[in-house]
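So, here come the structures, one by one.
Each of the next two complexes has chain A plus one other chain: chain B in the first, chain C in the second.
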Partner chain A sequence: MSEGAVETILFYAIAAMSLFFAIATVTARRLLRAAVALMFVLVLSAGFYVMLAAEFLAGVQVLVYVGGIVVVIVFVIMLTSSVDLLEERPPLLRKALGALAAIGFFGTTAAVYLTTDFGAAADAAPPAESARAIGAALLDYGPHGYVVPFEVISLLLLAALVGGIAVARRSPPPSQPLTSGGDLPGEVSFTPPKRQNDPEGGASHA
Partner chain B sequence: MSVFSPAAVIAAPQVFEVKTLASRAATALPGSLLESALYVLLAVVWIVALLALTGLALIYLERKIAGHFQCRLGPMRVGPHGIFQTVADTIKLLVKEDFVPDGADKVLHVVAPFLALTATILLLVILPLSPILQAADMNIGVVYVTAISGFGVMGILLGGWSSNNKWSMIGAMRAGAQIISYEISATLALLVVVLFAGTLRLSGIVQSQADGWWIWRAHGVGVVAFVIYVIASTAEINRTPFDIPEGESELAAGFHTEYSGIRFAFFFLAEFINMFLVAGFAATFFWGGWMPFHVGGLDGFNSVMDLVPAGAWFAAKTSALVFLVMWFRWTFPRLRVDQMMRLEWKILLPVGFVNLFAAALVVLYGLYFFPGT
Partner chain C sequence: MPDILAGLGLAPGIVHWMVLTAALFAVGLYGILTRRSAVGVLMAVELLLNSAALSFVVFNHFRMPALVDGQVMAVFVIAVAAAEVVVGMAVFVALYRVSHTVDLNRLDRLKNDEVKP
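On to the complex of A and B.
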């Protein structure tokens, strides 16, 4: 049995399972089951990356999408719904519109893939140590480097982080000062500083 | 350095050639499909045997150590000194009724313990026990370890949620919050070792310690990284003092309250093997794994150390660390949820970042011991 045959069998097996779980993701009526099916889709796409000799990308895929994003999705579902809750079946009109959008997207994607010539990518050999090559490319400021997009993305992530904290942080009512529960040494209470340009707060105090 | 030993003249330092079972299978594949398949079968048998035997041994040891810490004898009745106690308990668990609660999400309730155990098995695959005893070795080793550890939390989250029981649910939420928080610190500590070794491959990290283990060769940063790693990974495997997800005085048994029989055994086994894995990875990254105790340049001393086989070094280091983690359990009281969060986000994380920066400086200027080799 040649190596190509093993790879082809693996590819179709992973592809079939991916399709199965992708369909389960959108048809499951329990939200958490949909999230679990989504997790399997993401893990299986990591399998594709391994077959393309991009092991580092596969590792990051599992690390970010399964260990991060799916876990957060599961958290949100756990906080907001229970086992007994089923999603409502969508009305016919919404189903029809959804099918139309899906067919349109499939047609566009298929057209792009069928008309594009991917010859250039076929003969590019993957580097032996992909992690090293990716790291060097990300921090290289030469013609083949990506240091500017890398830094811009890190700025974007930082902004998202600060924004997330700002949204999630509750500002306590003035009657209840923010404390840490009183078990930090020397801490009695902490009153958040009043904001200067707060028209509502200023009006209520005046 | 022949001042220290005349043997240095004859004994060159032993070179360890790493041959994993997966690489043997791949080498044999073009010649004989049967030989390759046999190596794969050997790897599977090896992983299953390791899983079962380590589980049996660790559960017995935990009970014995707990007993002696509390001035008791521990199990004594089944076999000499109770060594067959775990076997008896396993048989009891296997024949116990295995039920799914009425209001549970049945599919997820069944799948969850398998997910937890799968993550554990996937980590056992990459653990280097000796140059020849490692099922597979990947060039993304450290990323793989971190990614699969994150995957393991899904089993606990799903198990707790699908039980449709508020204690299970709260336990699962706590476990999730705890594991994804402490994962950050554990990863920061591992990155220090990656900086020193210059590779993500686990066998490469072990071989980079041929002149000395990173815990002492890297001056202080190795020690700080090791301490952070041990604390963070103890939290990641929900061991006391971080057993908040299953705190029995508050939550019945947390996420596995509604489990019994063989699927409870899966959660239980995964938990104990995870302890073995944490000890094994800490030994691999910071104590040299199967690498004997070497000091760069002292060839005579090193060749004496090489007389002890590599697998024995790994076993000794891992056993010491397993004992340390068990010692934690019978020494420290359980943390409160807010204390646990403060420890991670306000203490371990800043220290981890500063330590990583310091490690980068140490590597940049070659300040660690024996940088030339």
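On to the complex of A and C.
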């Protein structure tokens, strides 16, 4: 069997598995199972990247998505105690409308792809070391370089880091200085401002 | 064997890859529209971002394989996805601390002060 046939069979096998796990991600009633299915989708996407001669990207995909994002998602599923809960099935109307939107999108997009002439595939050799080429492109400040988006992304990641910590930590009482992390004993008993129709004054949230 | 597969037009070209990314995107779209849990919606958003990054790499591979611009864009997409997940999950944890739910049907605190039972 030639190399092309192997690649063809591999493509359809990974594509079928990828679609199966993607559907499992959006339909599983247990969120933890959905997270595991999402992890499989992302790992299989790393396989796609290898098939597309983007080995560096496959490594980044596994490191960032599987090693980082899925872990954060699993943490939040557990922190919001959604583990034991079966998510309620969506009503039939919403399912039908969602399926209509998804099928409509897929039909339109696939029709466009099938009727577009993409031209013959370019036949240049890929760079021998894609990681080296990507690094050079990221730090290139010439007209075709990406140094400005690279710096903007670093700023975005810093802002997301600080913002994530600031949003998710316990809010300190107004008398406390903002420099404390909200974990001092005096802050744990913080009672939020009293709301209307709340006989306990929100004390149960402390 | 290779002649049969290639003769049927089954060898994966750019159209096959792009239809695959469109299918993955459509599945994510369905998830966004039907999930009730906010965490589930964010997982569907991850599917969308993943398929978008994949289509960048597909175009890179088939249209200008000597360059890596599409792969650079995919790196940016992955970085933005990481930032988005961190902030989104922090918001959900904070929301859960206040509302004790991440059910999108019950999170309408901008409309009124009370969380629906």
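What we mean here is this: the second predicted complex is superposed on the first by the 155 of 206 C-alpha atoms of A that agree within 3 Å, B and C clash if a C-alpha of one lies under 4 Å from a C-alpha of the other, contacts with A are read in each partner's own complex, and residues count from 1 in each chain.
As a working rule, a contact is a pair of C-beta atoms (placed from the backbone, for glycine too) under 8 Å apart; a residue touches a chain by one contact, two chains touch by 3 or more.
Quantities reported herein were computed from a predicted structural model and do not represent experimental measurements.
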item: Overlay on chain A: chain C relative to chain B, clash or fit; value: fit
item: First (chain B), second (chain C), both or neither touched by A:60; value: both
item: First (chain B), second (chain C), both or neither touched by A:52; value: second
item: First, second, both or neither for A:34, with chain B first and chain C second; value: second
item: Broader residue contact with chain A after superposition on the shared chain, chain B or chain C; value: C
item: First (chain B), second (chain C), both or neither touched by A:146; value: second
item: First (chain B), second (chain C), both or neither touched by A:78; value: first
item: Touching partner for A:114 - first (chain B), second (chain C), both, neither; value: second
item: Chain B and chain C, minimum CA distance [Å, superposed model]; value: 14
item: Chain A residues contacted in one complex by chain B, in the other by chain C; value: 1, 56, 60, 68, 75, 77, 79, 82, 130
item: Parts of chain A lying in touch with chain B, wherever the complex brings them together; value: 1, 3, 30, 32-33, 36, 39, 43, 55-56, 58-60, 62-63, 66-68, 70-71, 74-75, 77-79, 82-84, 128-131, 181
item: For the chain A and chain C complex, residues of the former touching the latter; value: 1-2, 4-5, 7-9, 11-12, 15, 18-19, 22-23, 25-27, 31, 34-35, 38, 41-42, 45, 48-49, 52-54, 56-57, 60-61, 64-65, 68-69, 72-73, 75-77, 79-82, 87-88, 90, 94-95, 97-99, 101-103, 105-106, 109-110, 113-114, 118, 121-127, 130, 133-134, 137-138, 144, 146, 149, 153, 156-157, 159-161, 163-165, 167-168, 170, 192, 195-197, 205
item: Residues of chain B that touch chain A when the two form their complex; value: 29, 33, 103-105, 107-108, 111, 138-140, 143-144, 146-151, 153-154, 157-158, 161-162, 164, 169, 172-173, 176, 180, 183, 200, 338
item: List of chain C residues in touch with chain A within their complex; value: 1-2, 5-6, 10-20, 22-31, 33-37, 39-40, 42-44, 46-47, 50, 53-54, 57-58, 60-69, 71-72, 74-76, 78-87, 89-94, 96-98, 102, 113-114
